[in-house]
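There are two complexes below, and they share chain A, which is joined by chain B in the first and by chain C in the second.
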Partner chain A sequence: MDLFIQQVLAGLANGAIYAGVALAVVMIYQAIDHFNFAQGEMAMFSTYIAWAMLNGGLPYWLAFVATVVVSFLGGLALERIVFKPIQNAPALSHVIVFIGLLAIFNSMAGFIWEFTIKPFPSPFPSAPLFGNTLIGTHQVGMIGVTLIMLALIWVFFRYTDTGLAMRAAAANPDSARLVGVRVGWMLALGWGLAAAIGAVAGMLIAPVVFLEPNMMAGILLYGFAGAIVGGANSPAGAVLGGFLVGVIENLLGTFVPWIGNELKLSVALVLIIVVLVVRPSGLMGQRVVSRV
Partner chain B sequence: MAALLEVAGLEAFYGQTQALHGIAFALEEGSLTTILGANGAGKTTTLRAICGMVRVRGEVRLLGERIDGRATEDVVRRGIAHVPEGRGTFVRLQVEENLRLGALTRRDRARIAEDFERVYHYFPRLKERRHQQAGTLSGGEQQMLAVARALMMRPRLMLLDEPSFGLAPLLTQELFGILARIKQDEKVSMLLVEQNAALALGLADHAYLLETGRVVMSGLAADIREDENVRKSYLGY
Partner chain C sequence: MANDAQARREPADVLHFAGLTLRQWRWLWLALGLATAAALPWTVSNFTVFQFTQVLVYAIAILGLNLLTGFNGQFSLGHSAFYAIGAYTAAILMFHLKVPYFWTLPLAGVICLFAGFLFGLPALRLEGLYLALATFALAVATPQLLKYKAVEHWTGGVQGLTLKKPSPPFDLPLSKDQWLYYFTLLVGLLLFWCAWNLVHSRTGRAIQAIRDNPIAARTMGINTAMYKSWTFGVSAFYTGVAGALGAIIIQFVAPDSFTFFLAVLFLVGSVVGGIVSIPGAIFGGIFVTFIPNISEELATQIPGVAEEAAKGLTWTVYGLFLILIIYVAPAGLAGLLRMLLPRFVRR
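The block that comes next holds the complex of A and B.
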């Protein structure tokens, strides 16, 4: 029983990582109906920026906030410069550009900061939380930060005019323009948010997996799985999905002997396929109720 | 003084296909003008051309200022509210969120709350359903929502594209009654596109008749209404 609880908690901790990435993925999926394959590398690059700031002597939380802001602006610029010109191009062109960006960010990080593994600090104390041995303080912190991000995103979309405008632009761009929404900028804002959320996820992941250009490779697949399980157009679903994927992966890895550590990544892929077949809209994805 | 809206030599294109062939008309402040015509005559295209939703040649002026070639969102921000063909409902959003979107670009925050009440006063059914997903409204209710959303913009000019489309006769009567009240109570001019000529002529001051992208007749709505020849040969009633 103890082992079970321990593995569930460990799964939740991993899940927080996936949830963060899934949340970033959903930000862009909501806006353009594509999965951004470069999301992981963008987060990795942001984390390097944070590392450089920390190395330059900035206190942790200052570097954290500065990285989030820089990433937000970077995401915004990326949409305006790279994706605005191809907005009407077919889906495959987007995929190609995503993969191109992935490669560019990856090699740029390696070129600037080298491919050697770097330690990355955690903002949370290393002492176990309340003396428990089941889950580390950093892990609890990751879960907390992910939930806080979700709450902020929820408030933003639900209660602010800009959030409402973004939802309108994503759902019905023509109608949105007719009420004066600058649809193009709403897309850019979605990219900015995705980059900012990815940056937070990256900074939380780095203390666990260490910082290196390929640190997001497997994690992005779990993030996609989280987004799909939860419903690719639902931020809350993405976070729920992320946690679920973390727990499922961990439990299967522990209790199903032939899966073990080696086949864990396939769990993500199997989950993606099962959900797409059984319930394409995911657990919390919205199906449109409409009468004409 | 310049007319509120002035259109001259307006041509519109869908790709290589030309849908409007040099349309001209003017609309005075405070007036209701209707554009009539059969299916495919170019009524919707005319409204879309005014709002920068299709490629155009020619001139569109709002209070003397050229607005052709501008982005839709910029035209709209100058005070033109377009109730589009098909209603343009944000189906996943709540009724009230649809209305909030109408007021999105306004800066007079204080008066928006007031306008919610004003709009609910015209359309009480929307108030009852304000927290419902807009996609669950009936066709008629969605049409009312579209008009209400446009009113929330406090526009100078409303473009209405076949508001009677798909509505039962009784509901159409109700809606046109409300439009008449809005015209009287609010300082808003209207450009109304309709296939239901009798209904539109009853409400309008001026009328233009379109055929295959050209204006073939225009005049005071009252005159056209009285002219049996015109009614028989052009309007079919």
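The block that comes next holds the complex of A and C.
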């Protein structure tokens, strides 16, 4: 039983990261109807920026905040510079540009900071929380920070004018434009937020998986799986999906011997395909009906 | 004679450039290209011959992707998986069952045909982006699947399998590299010819009609589900044969050669050459094979850049090209030619 609880908690901790990535993916999907395949590499790049700041002697939380701000601005700039010119291009062009960005971020990180694996510090003490043996303090911290971030985002979308304008721009760009919402900038804002959320997820997972240019490939896949399981157009669903995927992944890895650690990525693959085929709208997403 | 009259109405027969019709130009280019390809192994070093063999292998794989994405409109970010299946089929047949290398190609192709068809079936329900996502997942999961313990006896696990380099048959006066080049060229020509015929047939028109307007295609009586699944299969067949050839020319397969970045490599080649183009696949193959050398060369020119870091820059160059092509020539090099041509031809 202890093992079971331990694995569920560990799954929730990883799930917190997947939820973060899934949320970032959904933020952009809602706004432009595209999956950002570069989300993982953007988060990885942000984490490297944090690492560089920490190496330069900045205290952890200052570097944390600075990275989030830089990532936000970076995401904003990406939308304005790279994606605005092709906003009406077909879906394939978008996918190709996403893949291009993925390749650029991945190799630039290796080029600037080298491909060697680097340890990344955790802001949380290494002593177990309240002397428990079930879950590490960093894991609790991961869940905690993710939940705080989600609460902030919820408040932002629910109670601020900008949040409302962003929701309007995503739901119905034409009407939003008519009532004076600057739809283009709302998109850019969405990109900025997604980049910032990704940066937080990257900095939280880096102490667990270590920092290297390819660290996010698997995590992005789980993030996508979370977004799909929860419903690609539902932020709350994405978070739920992320946690679910974390727990499912850990339990299957522990209790099904032939899956173990080796086939964990395939679990995400199967999850994505099964959910897309059986219930494309996910747990909490809305079915999209298109008129032909 | 009625047929001839009909054929004469095609633009390629009517339009002229420097005194020759476009159809004549096409044959001229083809003849020139073939002559160059045939003469090549006698003019360059063995390593360069190997590189051009690699070009052909990539070109075949990219052609598979073009058939699927360019002509049928289905995205795939997972063609590295089919390349891997083809490569491993060839390697396992040669290593464990001592099958001669040329027999592994049809088998690898057929296995990929069915693998692609089976993956294409659920993919039918996935429109555009979701298909990109599912195939992305396939590509990311592939190396892990290849390392799986239960099949380690066959696949060689993380170590992979090392193969023998085939010798030329009938005591032909060729080096091994030259023979492999001609062998690949022969297979490639056959496959390109088939693809050309496929695209210009009734089936090919159906495949393209589905891309342009699936609902109208269905109204015309095209079984879209079957066509899409089989196009996926045929596309996987091409990439699978390329994978088998790749294993034969490199004489080595290992899980970490088939990561997601291999799928990106195919995408780069496809986009640069022109995604709705058959000869474009050859440009694509040349591009992805030789850009790493060129970009490394350039990067090492920058003072203070270590060799290790310069290697990493290749992917930045690929990425920049991907984005640049989408901005200036979304139809790739082939599309650019197609666009410029009308300015120079006259009736």
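We take it that the second predicted complex is superposed on the first by the 285 of 292 C-alpha atoms of A that agree within 3 Å, B and C clash if a C-alpha of one lies under 4 Å from a C-alpha of the other, contacts with A are read in each partner's own complex, and residues count from 1 in each chain.
Here, a contact is a pair of C-beta atoms (placed from the backbone, for glycine too) under 8 Å apart; a residue touches a chain by one contact, two chains touch by 3 or more.
Since this is a predicted model, take the numbers as computed values, not measurements.
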**Message:** Once chain A of both complexes is superposed, is A:Arg167 in touch with chain B (first), chain C (second), both, or neither?
**Reply:** first
**Fill in**
Max touched-residue count on chain A (chain B vs chain C) belongs to chain C
**Message:** Contact-wise, after the overlay, does A:Leu178 reach chain B, chain C, both or neither (first, second, both, neither)?
**Reply:** first
**Prompt:** Of the residues on chain A, which ones does chain B touch that chain C also touches?
**Reply:** 292
**Complete:** Counting only contacts in the complex, chain C reaches chain A at residues 69, 75, 77, 122, 125-126, 128-130, 132-134, 136-138, 140-141, 144-145, 147-150, 215, 260-261, 264, 267, 271, 275, 308-309, 312-316, 318-323, 325-327, 330
**Request:** Report the residues of chain B in contact with chain A in the complex, numbered from low to high.
**Result:** 51, 53, 71-73, 76-77, 81-82, 84, 88-93, 97, 100-102, 104-105, 133, 135-139, 149, 153
**Asked** Mind pulling up the chain A residues that touch chain B in the complex?
**Response** 161, 164-165, 167-168, 171-172, 174-183, 286, 288-292
**Contact footprint of chain C on chain A as seen in their complex** = 33-35, 37, 82, 85-86, 89, 91-93, 95-97, 99-104, 106-108, 110-111, 114-115, 217-218, 221, 224-225, 228, 258, 262-266, 268-269, 272-273, 276-277, 280, 292
